[in-house]
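Just so it is clear, A, B, C, D, E and F label the chains in written order, and each chain counts residues from 1 on its own.
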């Protein structure tokens, strides 16, 4: 494309971004990073530059990530077979240790390093740092070990970092009152963080185009819906199971006053920039 | 173009701007606004959005303007015929009053209002406000009245305004120690302000493509030159007379530590953005 | 007098000013400057020193001015005959341009320059700067062109300036939502500014001694009255027509919590100081 | 006088004070308070209002006082006869206790209370508070007990107080490294404080008109002299013995960069205001 | 003991203090200093180090003191016999002068000097400084002269000092609206200061073990009681007369939101540290 | 011991700590945490309380840790046999990934969680966060993979955290200019951090008593030595090989202006407190 975009067209594009620059100046946007965009090198690099650009134009981006595939791979290397109950990883003590090592030690620091290489100033945190994300044992689906339900978010450390221009990168590990580690869903963590930070937007990156009215019909993509409609989709069972934690995260954020929540297609390069700085409809927006 | 630039191309353009966002974050850029870009409505609007965009992405733009044609027109309406000596307006007391009314009362406030309409927060100043630009009578070319030579710039008021996010717009009227008004060249004023503010860039908008090695040969446009070369062009007489105050303004700024000075073509829409945010060669750069 | 005031008497006068220094330390006083005090050189100089002195003893003076006579004179020089309807200037587009040039370009900068020459640090603003005074078309008396009714005051820029010790000087030009210029009454503008700034005092300088109970009887000067009495004078028609905008400005300020509004005689040298720093009854005070 | 000074004259006096307000805005002036001005009720009140007025117009006054006569009186009431050697009080341990009680307990708090009653916000300190004035035993004139030579001034506490608008009142008691109390000359203490605070002026109040060239000739009053001339008067023995510590205090201050030191006649009401705010020659100025 | 406490035991003691360090970090504790702890050299030194240590570990200690025995002694030296009515000193004008000299001049500065010698940065104040403690004549027990009832506490000066790390030391002298001095009970003053400063603790040092249920029975020491119980003891007459002002001071503080008030035995070295940093029951705690 | 230390002895111990509280108030102390103190539960808990206590009494503790044994264990679980060359771990890409997961994901977050459980507010960082520790490939001992030599420390993020009261916990992983991870020696990292932070003290926790003059003679423990002596021990080969990086870390810190470096016995509970807050000789001090 570089060959075909003239300098004048470039200027025009920048000018078209101006209304969005005005709207989001000084605002906080929580991004759940996941799926293919964490695996494909090209997509990964595109996300990193998008986040750094957001910071340079005056937005406070907060990145939240999980890392299921990497955890499962590490478990297998250590001779443990991953197991799941209703989509939740069965997490015994040894598994929890592997989860934490992979997410907070490998994935998190990899993202941090990547952002810094693109010119950002990123700092990685887990929910244990400064007791950022506190949880208790999730007991609603039987005993599946150290799977946590978030009970409290202490966002002070985020303010400390963003006031000095840092980009916080947060892995979905929580801490209990007793200091134990808990595995929490990264979409849920992003929703709770957006709520606690009074963010302007929550953006969940997925490997689908967005939310479908009928998840078996690729033509039924929903561009925009209200939170009531989203709740109805959960209640009626119309939503795909995998989408439920994402929809719930969006509702958590919206209930706390976040303006808009988005489920976008992370397989598209620069999906974040397109969502934030253009008028192109992309994915599903819940307001 | 809007029809043909896809969302993906737009994202690409934004990403290409990232190195420039990094380079100019928090920096001051002094822009001399003039020529056709002050007359043509489309160009005018383009400059205003460019300046507002600069402010939103974290740059401190400072706008300096003259307004010769409007002054001459007002003089004629008041029954006075404009007169010039070596390119300098013969400025008797009555003319000075008209200069000041037009520049500080009409042109300046028109620009301010336009910037505010585009979402900026602009404040208009003349050199009299807070004694921003002080001058004494220019006597090197005989007595041509209230034409001033700048003797001092007091930039405190600029810092007061930019720290609170305002865009200063400055008309080329100076004040003497006795409180008298002086007409000063706007290019010169921009150069002196860039010097006093330790700006990163000085950009002079003109109605030509840039500086020509031979000003009668349209193919001899100079893309880049050193300040020594610029000085040589002045000394040798190779530079077009009209260009001399512009070159001198560039040298004043560069001598004071400004990184780069640019003479750009204000007839091109968004010439400012193209100069600042793309790698396209535009006009003449002196370093 | 200098010859006859002894050093001891001088000290005594300073000491008598102490209660007023205590009362007004750090307070904002809005002064509408106008009438003879803007024309007579001696009076002009007296006002300027009074304002600078106020600033040096810790008061925040805000100066608001119009400039009707200078506008009419400039119009005539440009071959236009001034016209008025119920005391309001008929303001076509060309007239509005002249109003703005004269008030914001000449009168305003002249006052700024004069204050700076007396040792103040003044900055001139029109209502367009930072959208300080916003207005819409006044339609209550037929179409008289660009005469505005003030709809909003945005005082942020005033705080930015006064916090750094500057004296704001404001011309009575307002801006519409569309960026158009509007001619507004300077007394009204002063009243609205006093209200928006939570000033302690509003002082209107006039060319009469104050308000007369019977405006044909020079012996009926009112020293003090309540805002209810002022409202009654407007309603009953007892007030002189020329006084009505002044009385209304006072009431606007008082309704917003300003402590006292004063109509004083600008023909008396140092009337401001006498009003503020002595117990001498001067003009009419409304509380 | 009140009857005969008109409001216009009052305004004129205030205006005449303006150059002095400009000159001393934000500056520190150290005043040694003593002599008749500490005894006569009318003079006392005049000094208090002068000091409060100084603070209200933006000056930082620092008051330093001794209190010899009150100390001697208290000693006699306790059955001890005061004794002096070369003008220095013989200060045994019991005497030192009386000195401290009188100066820091009675005189100091009396001044503080008086300033507060006039609308100031005064805080009394002795040299012991925050180790403000440290001294060692004066041994140059034999053993006269707890008479101290100042070795160090720690002005931090003064800055803490003046930044919050308080008027410090300091009694001439110093502290040794061992915590012992020392009686120090108040003129000397004022000179050292002026030096340590980088004051603009040091003013010593006395019971004479100023310094006489020949101290037996009332017509030989010196209006102004250089510090070299002052040093010469000390060296030659021309200066009255009682004046020597005052002259030395002035020289200490001037050597440290204080602009001017003054010896003024405290018997004249408002001598401080006359010195600071008028052009009347009063007392002796050393520069 | 030094010989027998091993380094490991020392570390253990520090660790045991940690919960108290957490609890009192940044909190204000008002200490009434009096009795034997002001006379015995060893106790005095222990209190001073305790206070300095409190400051170094992040607590804001405020010291309030009286000094009855020293006042009586000074009175006798001046030939006046002390007299009391219901425990209140009959305070004629001359007595008041002695009270003030002794408390503010001798006792206060002695404590300040002692704290500074231990490494603190103390500043002594009386209730007159910055009008810290204001009082009116106590008339409920007949005319006993300048004995005051506290009407207002102005704690600004305390905040100014503690924010810069100083330890305020306050003598129990108050000032009337007319500037007169009043003798106030130091326990009462401490209670009022604790209330005005929203302190966390009020600690009154006495010469008894604490409060006895039956003051003639040494075995009836009360470890802890509620404020209702304290009020009942006052109302029923069960409390020793000398204890009543202390109990009332505690109630004043508790009513204003102070967490706990303590009456402790000042005869025990480091009673303050033991109370604050250990779990040892010491004296009587009212909550 | 608790049973045998009386409240009075406890107070005495606190008082004995006062000189050290004064000395270290507001100072930075870098602690390399390692050895048995990271394994034994009792020792671990003792270190955590020591660090939290340091923070509460106003010291800025910075904790640096490695974690060799945990890395080796994790490697073996993943089927890789640890290998070493001259004491440096041979670190291929897969090993580096394991190092990072263990240190930054498990060990670091475990320490953070432990400190928070004791009442601290800890935040874990690796050298990648905000590019805190940058390194290049260590090539002086052949190619042993991703073993790094520290080239730069960027301590801004540490200041951001400590200013808001957080305790930084740093794992010994560095980042290259290309974003690659490097395994660095934790002692070396602690030395470089102490140097970059202008720390007051560097404390290295080991599993020996300190440095021996002859490492085979347990009676030759060195209490104190100069940096020249330390250098000589390295040069002469007298120092035990395992001690060399520790000695070099000490020298790096001392050369940069750190006051003192300590090698202490981490097997002793509360060795940190004993070193910092008592006069007991413990381990080896280099100055």
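Observations on the structure shown:
Operating definition for what follows: contacts are C-beta pairs under 8 Å (C-beta built on N, C-alpha and C of every residue); 3 or more make two chains touch, one makes a residue touch a chain.
All values reported here derive from a predicted model rather than from experimental measurement.
Considering every other chain in turn, the ones in contact with both chain A and chain E prove to be F.
In this structure chain C contacts its sequence twin chain D using mostly the same residue numbers, the overlap exceeding half. Centre-to-centre spacing of chain A and chain C amounts to 57 Å, using the average Cα coordinate of each chain.
Rounded to a whole number, the gap between the C-alpha centres of chain B and chain C is 35 angstrom. In this assembly, the C-alpha centroid of chain C lies 69 Å from the C-alpha centroid of chain F. In chain D, there is no position where the chain touches two or more neighbouring chains simultaneously.
Viewed as a network of touching protein chains, the structure reduces to one closed ring of chains, two contacts apiece. Here the chains make one closed ring, and walking it from chain C through chain D gives C, D, E, F, A, B.
The residues of chain B lying in touch with chain C in their complex are 74, 77-79, 97, 100-106, 108-109, 112-114, 116-117, 121-126, 128-131, 156-157, 160-161, 164, 166, 173, 175, 178-179, 181. Touching chain D in their complex are the following residues of chain C: 1-2, 5, 7-18, 21-22, 25, 46, 49-50, 52-53, 56-58, 118-119, 268-270, 273-274, 277-278, 280, 282.
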